[in-house]
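Presented below is the structure to which this report refers.
Chains: A, B, C and D, in written order; residue numbering restarts at 1 for each.
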Amino acid sequence: MSGYGSLKEQAWKANVELPQTGLVVHTFGNVSAIDRELGAVAIKPSGIPYAHLRVEDIVVVDLQGKLLEGSLRPSSDVKTHVHLYRTFPDIGGIVHTHSRYATAWAQAMKPIPILGTTHADLCPGEIPCTKVMSDAAVRRDYEEETGEQIVTTFRSRSYEETPMVLVACHGPFAWGRTAEQALYHAVMLEEIARLALLTLQVNPRVPRLKKTLIQKHFQRKHGPDAYYGQRHEGSKGATRR
Amino acid sequence: MSGYGSLKEQAWKANVELPQTGLVVHTFGNVSAIDRELGAVAIKPSGIPYAHLRVEDIVVVDLQGKLLEGSLRPSSDVKTHVHLYRTFPDIGGIVHTHSRYATAWAQAMKPIPILGTTHADLCPGEIPCTKVMSDAAVRRDYEEETGEQIVTTFRSRSYEETPMVLVACHGPFAWGRTAEQALYHAVMLEEIARLALLTLQVNPRVPRLKKTLIQKHFQRKHGPDAYYGQRHEGSKGATRR
Amino acid sequence: MSGYGSLKEQAWKANVELPQTGLVVHTFGNVSAIDRELGAVAIKPSGIPYAHLRVEDIVVVDLQGKLLEGSLRPSSDVKTHVHLYRTFPDIGGIVHTHSRYATAWAQAMKPIPILGTTHADLCPGEIPCTKVMSDAAVRRDYEEETGEQIVTTFRSRSYEETPMVLVACHGPFAWGRTAEQALYHAVMLEEIARLALLTLQVNPRVPRLKKTLIQKHFQRKHGPDAYYGQRHEGSKGATRR
Amino acid sequence: MSGYGSLKEQAWKANVELPQTGLVVHTFGNVSAIDRELGAVAIKPSGIPYAHLRVEDIVVVDLQGKLLEGSLRPSSDVKTHVHLYRTFPDIGGIVHTHSRYATAWAQAMKPIPILGTTHADLCPGEIPCTKVMSDAAVRRDYEEETGEQIVTTFRSRSYEETPMVLVACHGPFAWGRTAEQALYHAVMLEEIARLALLTLQVNPRVPRLKKTLIQKHFQRKHGPDAYYGQRHEGSKGATRR
């Protein structure tokens, strides 16, 4: 028994749940989890169908992406994952999917505007979209640079308040304090992306949600005086099971 | 055994049915039921997944929202529910969801126009949308004021003929003589919201349904001479099981 | 045992299959079947959920809609059904639904244009939409007049070649040589309605399918030289099970 | 036991999987597989529901479409299939469906533009749409000419890099080295067709994906240095099960 058993179990569980959320087609999506004390990241192997995935297939790498355990190749997006873990110290899990509505917004190169309280329950502003990657960056180290694109987008934003992003022309990444919470954020992002498109189809000139409503809804779930859910956790009460 | 057993059972049953309707994602939705003789309202606890909900988790409050029975916190929307029960004397159940199409219309801040007989079978005019809440009201007592917004919208309308509303920027509320009927109204509201958007996508300049057709369809289900369904109940024959 | 057993069984089976097609919400849809020799029409009772429907609940009426057998009220649309059976001598079953995309076109008061070979496989031209009923007709005898609206629409058309119609502001009716075939036509109508809307969303200025392609596809399934399917039935080979 | 047992099994398996992909309604879709050594093509019989299909129902024809084995009529599209097998030497399976979004683009007579990396993972450019068939060709030999239309479209393109096409006014065909891979391509084509429409609904003026990103994504899955998936197969690593 390796010392990564519990971490691999956590990553395996979240990857296996992924297709049940309806967010992925075939093998297009992956979840990772980190153990900060061990400096180890557990991630889905590349191109393996979820239905066949076993705990022992999960690949473990260090924060530079170097293999620590596993006989399979990690997800081709592994460098993006470790780049985010290195830069965002408080995240414990990352999910990448090509979920339909979030991917449509990413391909459209548009941030998702905040149009209602369902969105404000999750985060207090638009879901940002990265810039399109430069040709030089694509050629340099594509997956590493995808991480860098995301990090740049969060220079002027809190990655904790907005635990998700659209990578232009590509698709969404979401994160959280755990892999399970990251998965919850990926599900809600897809829902919000869908609601936003429908809303604009009903009324293309609808204004953004006003600040008092954003603050009210975000605070009642995430602020120090949050009163949604059963326990005072400071934030993210909605993700408990 | 408390005296609220049957009421809690009713509220529990409707909450558990909620995810089967496809109207909710995660814990974003709640149902309540009232026993007018006991002056007691049974409602879903906040942030508990439907799959884990037990009858004993249901929270009972009085018409001011004061706890009567239960060890969990009630839904954060409880004040909206009791406000509606206090003001609409003939309702027995309330459902709140973030169902996709109804929420899209609510976020678009548009009433749902009456475009066909499916809508007229349910209610005899547009589904109204509240005004956006003032900043002062948001800060005062948000959930109470949400109830007040709804009540104001029904000043010039019958809450019995139109048992549902869109809260601007937020989502739908539906009610009925029982929690089960409220759930039926929430399902039909979502269907009508979806049909209306599709209809406008086919023909953006379609006129409203004409009055004679509205009256004919509404009366054949709800009027004193209703002939839809098997029994003369005066109204709402369609909801029997 | 009544003499209507086999007819009721046929109608019951098709009504029970209806919700499995995804075409109906709650009790909003009905199927009937006729036995021309007996002059008897078997139809769903009004407002009874499909899941609870038993063969003995099926109501039998004559071609004027007069009760022949059954203890429940027939569907409120029964007069429309018998009107069509009286006027279209070669049909054996009728289906009425409020299926989403067909209803959207009906509410939009637009015929469904023929845009592709999937449509031409089914019928050789647009799916017609009736005119909106006059106020006088609504007040006279609504369900009877709905039948009359449909019949008028087919004055200049073959009800055998185009076994379906949109009733303006209301929804679709489909028919066939049997109740089962009518159900097949209702399913394909919904599919065609959906494809047509999507096609126009991709390209709003797309032309109608050209005549040679319409004829080719319709003839290979329905003409005297049809070569789709396994047997030469003259038409509708696709509906065999 | 005939010598076609294994080939028929392969074609049967892919046809039976077809309805599980959600790509087909009723019997509107077919898969074939070829054994190049035997010069034999196994294909679905015409108009038989997938649920009732048995291995022995699969029809075997030669590369001119002449019957080699089977008691049922082959799919009416058989001449299109054999035309493609004759012209594209490296394909082993073909899938034809009327899947919704791909058919909408085909009916709209528009190629699917390349708008994101999900598309570039599959093929390095737009999904082409054939020209509309001339009246003379329709009358000459419709299914043969459908094959010819497709072949003409690939005069200036690699059928290996872009293993799929939209037949104008009709629907999609996809192919692959095996029937199973063809099925995978049909599923991904539908997903890409859907993503492209949603993307244009979010942003009608979105530019095409830039070349460096197309090349990067296509090469990481299909080039000589592909690093997606577990094995170096040269291409199509994503389709392994």
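Assorted remarks:
Everything that follows uses one rule, which is that a contact is a pair of C-beta atoms (placed from the backbone, for glycine too) under 8 Å apart; a residue touches a chain by one contact, two chains touch by 3 or more.
Here the structure is a predicted model, which is why all the values come from computation and not from measurement.
If you take chain A and chain D together, no chain is in touch with both. A turn of 90° superposes the CA atoms of chain B on those of chain C, with the angle given to the nearest 5.
Averaging C-alpha coordinates per chain places the centre of chain A 33 Å away from that of chain B. Separating the centre of chain B from that of chain D, both taken as means of CA atoms, is a distance of 47 Å.
For chain B, the set of residues that touch two or more other chains comprises 200-201. Because contacts link each chain to exactly two others and close back on themselves, their graph is best described as a ring. Contacts between chains, counted with the stated touch criterion, involve the pairs A-B, A-D, B-C, C-D. Interface of chain C with chain D (complex): residues 115-118, 121, 184, 187-188, 191, 194-196, 198-203, 206, 209-210, 212-213, 216, 220, 227-230, 237-238, 240-241. Within the complex formed with chain C, the chain D residues making contact are 25-28, 45-49, 52, 72-73, 76, 98, 100-101, 103-110, 132-133, 135, 138-139, 142, 169-171, 197, 200-201.
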